[in-house]
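As structure tokens, the structure follows; a few thoughts come after it.
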Amino acid sequence: MIKIGVVDTTFSRVDMARYAIKVIQENLPEAKIIRYTVPGIKDIPVAARNLIMNEGCEAVITLGWVGAKQVDKYSYLAMSTGLIILQIMTGKHIIDVTVHEDEADNPDELLEIAKNRAMEHALNLVKLIRHGREALTRYAGQGLRQGRPDVGPLKM
Amino acid sequence: MIKIGVVDTTFSRVDMARYAIKVIQENLPEAKIIRYTVPGIKDIPVAARNLIMNEGCEAVITLGWVGAKQVDKYSYLAMSTGLIILQIMTGKHIIDVTVHEDEADNPDELLEIAKNRAMEHALNLVKLIRHGREALTRYAGQGLRQGRPDVGPLKM
Amino acid sequence: MIKIGVVDTTFSRVDMARYAIKVIQENLPEAKIIRYTVPGIKDIPVAARNLIMNEGCEAVITLGWVGAKQVDKYSYLAMSTGLIILQIMTGKHIIDVTVHEDEADNPDELLEIAKNRAMEHALNLVKLIRHGREALTRYAGQGLRQGRPDVGPLKM
Amino acid sequence: MIKIGVVDTTFSRVDMARYAIKVIQENLPEAKIIRYTVPGIKDIPVAARNLIMNEGCEAVITLGWVGAKQVDKYSYLAMSTGLIILQIMTGKHIIDVTVHEDEADNPDELLEIAKNRAMEHALNLVKLIRHGREALTRYAGQGLRQGRPDVGPLKM
Amino acid sequence: MIKIGVVDTTFSRVDMARYAIKVIQENLPEAKIIRYTVPGIKDIPVAARNLIMNEGCEAVITLGWVGAKQVDKYSYLAMSTGLIILQIMTGKHIIDVTVHEDEADNPDELLEIAKNRAMEHALNLVKLIRHGREALTRYAGQGLRQGRPDVGPLKM
């Protein structure tokens, strides 16, 4: 049985894990999902670490929400650096879904971004787990976006 | 007996440790609290490291105060990166409470933020220690804030 | 047989791997190319890690595409730091080709930059693999650029 | 016999080590001071590393001087991150005294800041070495500053 | 026989290695110089790593050239962080000579800065190698600069 970790936060304004878990359950029904909720984004790396090293997860999806202030962006940078170092240490994919409070003016739009980004990245994770390093190669260079419409490839 | 580390600084303008310790003692009375005071935020990671590796703490809460200048924000970034790397190395939660000198104009407001943030994060730490990775899951995506009013989830 | 890793993303708006692979095949025909496609730039370091540590690649070329927003630049910084740490750990070259969405106004120009940068850096990689640490020494200080015209050395 | 490391630079415009060493000698007379001078702040971490790992120092004080340009601030960030990682690796305190060329307009004021900051942090180091993790706890939250007047705690 | 590594780039607009090597040969004639040329600054850390770990170099001088755009500055930060981590890992000095494309308007001035900075830092490296941790102590706090006139110490 394969274990997939899901990390989310109480800081987030959308329960993104619900959407991510739904996608994983539908597309990788044999997986066991192990969830870990932390206060905010700076707590995410240790949770991902424990899901991989203590719980035996094969991959993790993290669902972060970043405030609008400059110091929130530095927290984002520290979290991102940490998750990358953790992936280098373990060789496991940690798909890092992040929504920034200031990426949309409209709460409805922000909610849609959060839902779609969580679901689309959950599907990316499933594909990587199920089919490996060339699972996404057919989409390489195609200008895909998560949470917003794809922008597509530049025209030759 | 479980040991909980508390790191604070002489740079801080509020004795946040007092509030954090009170919450831990009331909600995790079996814990032994081990305190470590350092000059400023860049000294926090080594203190947290020694509390975990030398003193056997199961988790640490750090209480940092960050100046208003841009270089203070870079110090904040270095500290945050360090605490995240330390958590990845050890698998122990280090709840990183930070107050920024410039997040309120009014000293009274800043004092309230500092007290509340320290107390609310101490409670987060207790919950994670007592009930583990799903202790906070009921609050996932609920837009909780520490030190300020919760903003709540986006409306569906 | 020498193995060369190629990492690219679905976020990219140009299939840069196609151009890089063509150059490697023409100039290092004995190499086996192993490709790994990930969603975005923050997923690149773990892919490069797995190509080196699990697949036995002697070197890797990564093809990243960076958005125009400030947070995209922080993601770029986290990725770059991660790839440098990975190279220090393994001693293997990871030639990090990056195109920034905002480095040209014109889509045609951006496309040309992406193609040329991928091809020119693939050739750099081949030279380093084939001839070692002094392969590029004849070009040292010559103001070479990838994706744009060389600027040349400063005149004595 | 306890060994204390002192790292300074030729870039600095004040011989801060002189002041730091004087304080250490007066307050920790049994200590042997081992000095290491490097060109600039990016060379400080390896010097601190060698003082701890090769010379057996129990703690180190580093005396850095940072230029006014934005790239100097990035160098400061890299140095700070490095010193924090080194402290996490070794568990030894490295008190990181830094003066920024642009933190005062007046050379006399800058000189005073440099002298006082070096001396006050040297005393912090002595206290931590002599009395351990609670040596500074009586000053926790007291708004102490080094190199400038203390700002004091916020009033309750 | 002592081995000294020299890393440079094809991106650079001045053949700084030529000047650095000349100084090393004149002042440390018993040294064997091992050169490694890479495309750009983000490739420097792995080259320095290989010179130390594979070639047995006792110290390395790196000669980087940084573009004028903000993303070039982030590349500079990633490289600097990597070189500092590498020095902490190995205990070997890596003197990091960097010229920024935008630190002078005039190409002649930029050329002079590059030449002088490479030569003056090469001499720093020779002194550290030949005489150790106190080789530069007589210049501590003297406001030395490389590539530009010394600014001197602040007047007491």
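Side notes on the structure shown:
For reference, chains read A, B, C, D and E in written order, and residue numbers begin at 1 within each chain.
The rule is short, and it goes like this: contacts are C-beta pairs under 8 Å (C-beta built on N, C-alpha and C of every residue); 3 or more make two chains touch, one makes a residue touch a chain.
Computed from a predicted structure; not experimentally measured.
Under the contact definition, subunit A and subunit E share the contacting chains C.
Comparing the contact residues of subunit A and subunit B by number shows a mostly separate set, under half of all numbers used being common to the two copies. With each centre defined as the average position of its C-alpha atoms, the distance from subunit A to subunit D rounds to 40 Å.
Centre-to-centre, using mean CA coordinates, subunit A is 25 Å away from subunit C. Under the contact definition stated at the top, the residues of subunit D that touch 2 or more other chains are 77, 81, 85. Traced around the ring of touching chains, beginning at subunit B and stepping first to subunit D, the chains run B, D, E, C, A. Residues of subunit D touching subunit B in their complex: 66, 73, 76-77, 80-81, 83-85, 87-88, 91-96, 100, 121, 124, 128, 133-137, 139-146, 151-156.
Within the complex, the subunit A residues that touch subunit B are 8-18, 34-39, 42-43, 45-47, 49-51, 53-54, 70-71, 74-75, 77-79, 81-82, 85-86, 89, 107, 110-111, 114.
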